[in-house]
Each structure stands twice: as structure tokens, then as C-alpha cells.
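Shared chain: chain A. Partners: chain B in the first complex, chain C in the second.
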Partner chain A sequence: MIDQYNKVFKEAFGLELDSLVSLEYQSISAWDSVGHMNLIMRIEEEFNIMMETLDIIDFSSYQKGIELLKKYGVQ
Partner chain B sequence: MKIINAFWEKRNLDMDCIEIVVEDTDKVESVSDFIDSKLSMNYIVVKVPVSRMDVNELLTHKKFVFREVLINMKLEVKNQITLNSLQKRIDDSIVYTEMNSVDLKELYSEVSKNIFHTDRISLDNNFSYALASKRYVHWIEDELKLGAKAYKVEFQEKSIGFFILKKINNEEYYPFLSGLYTDYLNSGLGFIIISKTNTEIFRLKAKVISTVVSSNNPKVVRVLQSFGYEIISFNYIYTKYN
Partner chain C sequence: MVSSKISLEGKKALITGANRGIGKVITDTFLANGATVFIVVRDNTYLDELTIHYKTYLNTRLFVFFYDLADAESVPKLFKEILGLTNSIDILVNNAGIMQDALIGMIDRSQVQNQFNVNVFSVIDMIQYCTKLMRKNKSGSIINISSIVGTKGNVGQLVYSSTKGAIISMTKTAAKELAAYNIRVNAIAPGLIDTDMLRSIGENKLQKLSSNVMMNRLGSKEDVANLTLFLGSDLSSYISGQIIEVDGMTII
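On to the complex of A and B.
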């Protein structure tokens, strides 16, 4: 799972693996509202899930995302 | 040149303020002479069209500080803006309504929590976020008195943000201020505020939405462009204290 998750982040924001772990919403210019929607769309597609709006709002960091995805059976 | 006596800044910033709008046809010597004649003002704001490098150089020479580029953007409202499937899903779970007096109190309280960080007052070390917030509250109060309408945006019965519409004429609206409330600043929902703003303006049967964004706020420019807004013009903004 983590490899797929990292792949989505890398593709969405064009980042290297070592900079992902501490990544938070708005910590880079690409992760703004437009970037957030793009990221969530890629995640839903990659893991074939449909996230609830509340979880999309709570998806505020790389780490938080890992925690939230467990709810959808992604771990 | 257009000269604006910004009397409202006396109340907001406790300063005598003048705003000078330089036009393409102004001679640089005239701009220089006029500025020299106004050095008794506490705070001078100059708006310069991008073509006027000579005026930029003049202002730098006169020790004005460059603050921002104001970007004028416009959307022709032919149809509802297109949302992708994810945006549509989120949009469907969020509603907006016109504010009542209780909602306005909440708005002023949120604005006082410094939800805006990208305007020239907030970013100016000579002022403060608190002063910038006070200025926003006064601005909203003034515009509401003049007929602007404020709307709250809600998710699961909680206010997540707002937008305020000013009618320019029967065909054009200016959403002069909007934003997310403190608890939702990191929610990624910035696009929803723009989407709901556009939905309401579409409902009002306007043909054009015009707005102004600071270059210090590129994420809003990105959202607006993603919804089809076009950049119409740029203006440099300089300020000076005396």
C-alpha cells in the first residue's frame, strides 16, 4: 500500500520520496486547494475508493492520509 | 492620474491617506510633481499600470516600497462552471445562504481571527494583522450599508466560510471578499467558496463576474483560473509613509 500511496504523492506534487513524510497541506505551493482535489482524485482512483467529504477535509498531511485510508480498508 | 482621498483609512489606520492611480497617458514629470506636493500625507498608495516602467523607477527613487501586483480577473457567466466528479460530490454536500445578523457577528469574529494574510496591510511591518482585520470589518460594514450581500457557506450545519457580493450593474457582480473560516483554512475547500459564489451569481442572472486578486495570494489565482477566469490586467502597488 505504501508504495502506491507514495507514487500518488510523487506524481501529484513532483516530489522525491524523502520529502514526503513531513509533507503537510500548504507546506508547498503545489498542495493548495487545486492540488488537494487533484491528490484526492488520484488516491481514490489508485485505491478504488470514494472518500467522504469530512475525510477529504481532514486529509491535512501525508501522515494523516495514511491514518484516514485505514477506514477504507487501505493499509 | 486619478486621485482618491482615502478618508476611510483615517478610521482604519489612523492615517491621512491618498491613493494615486497612474494612467497610461500620464507624464512621469506630472506624477513626480504631484507626489512631491502630497508628501504631507501620512500614507501614499500608488497604483501603476504594468507598462509604466518609468513610473516604477520614479517611485523607487522616491523610496516607495513595492507591495503587490493587483490582478484583475473576469469570468463571462455563460453557463454554470464545470466541476469534476470529486468537486461535484463535495459541492453537493455544502450549502450557502444569505447571512442574518447572527451570521454577520460570526463573520466579524472570524475576520478578527486574522483569516486574511495576503493583503498589503497584513504583510506590512508598519501595520499588524489586528489592524488589517479591523480594516476588513469596517470595509464589510461599509459595503453592506451600500447594498452588498453577505452569504455563509455551510457543511454539516457548520459555517465553513463566506462570500460577499457587490452588484456593479445588472450584468456584473464583484465578489469583493470571500474566504474560509479558521477551522477550515487547511481543508482544501477553497474552491468551494469560489464555486458557491459563481452559483449565486449565475442564479442572479449576471453575465460577468469581475474580481481583483493580490499576487501575494497565488493559490486563489490558481482556483479562479481552474474555473475559467481570465486575467484582464495587472497593476503594481507601491506605498510610502511620511
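On to the complex of A and C.
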């Protein structure tokens, strides 16, 4: 799962693996609200899930995303 | 290319409030023009009637979901269920609505809450969830059913007209935000359409209102459904952010 998750982040924001772990929402210009919706779309497509609105709002960092995805059986 | 017939062949449509009135005729129209239709109805009050009416299509081209859109939990649950059947929706018709009239000074807070829950909040939820599916295909048409009172107002309908006005501004903003994904968002503002909901205002009031229709007749449910068909089809592929009144030139 983590490889797929990293791939999505790398593709969405054009970042290298070592800079992902501490990444937070709005900490880089690419992860603004538009970037966030694109990220969520890619994640939903990659894992074939549909996230609930509150979880999308709560998805505040790379780490938080990993925690939230467990709810959808992705781990 | 000139099209002689509007086709929804191969398209999947999701329609709320489809068990009667305008929603039911929209469903009939979409089925007749080739779409696969997913309808959302509040409860099973009309289930027997629907089962008989749609027996040819049931569970092949027509799928029924029971959800009360006043409940905030409904839309996420609905889409979980829809995902079990399909990964794509091409057309969303937000038709479900409730109307509770009261004059200023007699408006109960619960009436405000009820009408906003169904007429506005659930539409926001439907748009949020449905566009997840539409974005993947970079295509979609959302049709919100507003009302003539959303553009012009009406005595006794402070709350209802507010909800329908909200639909209009919501349509314009959603159209701007979703254009990049080739998702079109339009609203229809029906005038005096001959439905049970309209007739619930009473014969005297209805006659008085009808005199304001320059075309001298009430609108039919088909008048609204035909525009919905056009907006759902590819013939309207460059139309978005529009509020179209179907009112026979009504002055209120």
C-alpha cells in the first residue's frame, strides 16, 4: 500500500520520497485546496475507494492520510 | 451535424425525488431516450406503483435507492451503494424538494431547517459526491431544479424561495469550479407546473396565480422534463452556468 500511496503523492506534487514523510497540507504551494482535491481524486482512483467529505477535510498531512485510509481498508 | 433525436444512449443518470411529479416524468423521459437511470426516493410509499410502472426496466436499466435526503448521512451511504453497481454517472438531476409555506412572522425554525436540509444541503452533498465520479471521466452534466420563486420571490414563500435562490447561486459557482473537468452545471426554474405540490396551495390561490401566465396555461411536467433531456444530452455540450426558466412567460 505504501508504495502506491507514495507514488500518488509523488505524481501529484512532483516531490521525492524523502520529502513526503513530513509533508503537510498547504506547506507547499502545490498542496493548496485545488491540489488537495486532485490528490484526493488520485488516491480514490488508485485504491478504488470513495472518501467521505469529513475525511477529505481531515486529510491534513501525508501521515494523517495513511491513518485515514485504514478506515477504507487500505493499509 | 444535425441531430433529429436527442439520445441518452449509454449514459447513466442519477435523479432525486423521482417517485412522483416532475422527477417521475424526467425518469420516464430519460428511460425512453436510452439512459440507465438510478433514482432516489424517500421511502417505499410508492414502491408498488413504481414496480408496476417500471417493470420493463427494473434492475436492468432502472435502479431504485431509498434514502431520506433530509438526513445528512444519506448521500455518503447512497454513493457507497451506487459504487456497488457503477463507477460512473453522466447526469445528475437534483430534483428532490419540499415546500412549506408560511408568512413572515409565522415561520417556525424547524420549517427552515427541513427545507434547507432537503432543498439545499443535500444538493451540495450530491454535487460533492457525484462529481467524484464525473471528474474521473472528465465529463458530466448536473441539472438542478430551482423554481421561478427563486428568481422572483413569492408571498408566503420566504423560506422556500430562499432555498431555490440558493440553488441558483450554487449552480453558478459550481459551473465555474467544475468547468475545468468538463462538467456542466445548469438550473431549471419551473414556473407554475401542474403537480401535486402546486395544487397543494389551494384552488383559489392557483387560479389567481394562473392568470399571470401569459401563455395562458399551467406548465406540464413534460415541459420541464424535455429541457432536462436537452441539458443532459450532448446537444447542450457548451451550455453551463445557466438558469433557464420554464414558465410560459409568467409574471409574478
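Criterion: the second predicted complex is superposed on the first by the 75 of 75 C-alpha atoms of A that agree within 3 Å, B and C clash if a C-alpha of one lies under 4 Å from a C-alpha of the other, contacts with A are read in each partner's own complex, and residues count from 1 in each chain.
Everything below uses one rule, namely that a contact is a pair of C-beta atoms (placed from the backbone, for glycine too) under 8 Å apart; a residue touches a chain by one contact, two chains touch by 3 or more.
Source: prediction; values computed, not measured.
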Contacts of A:Ile57 with chain B and chain C, given as first, second, both or neither: first
Touching partner for A:Ile2 - first (chain B), second (chain C), both, neither: neither
Chain A residues touched - chain C or chain B, whichever exceeds: B
Shared chain A contacts, counted only where both chain B and chain C touch the same residue: 41, 44, 50, 53
Touch list for chain A against partner chain C, complex: 41, 44-45, 50, 52-53
Footprint of chain B on chain A - complex, ascending: 24-26, 29, 32-34, 36-37, 40-41, 44, 50, 53-54, 56-57, 59-60
Residue ranges of chain C in contact with chain A within the complex: 76, 79-80, 83, 125, 128-129, 132, 135-136
Residues on chain B engaged by chain A in the complex (per definition of touch): 84, 86-87, 89-90, 93-94, 155-156, 184, 186-191, 218-219, 222-223, 226
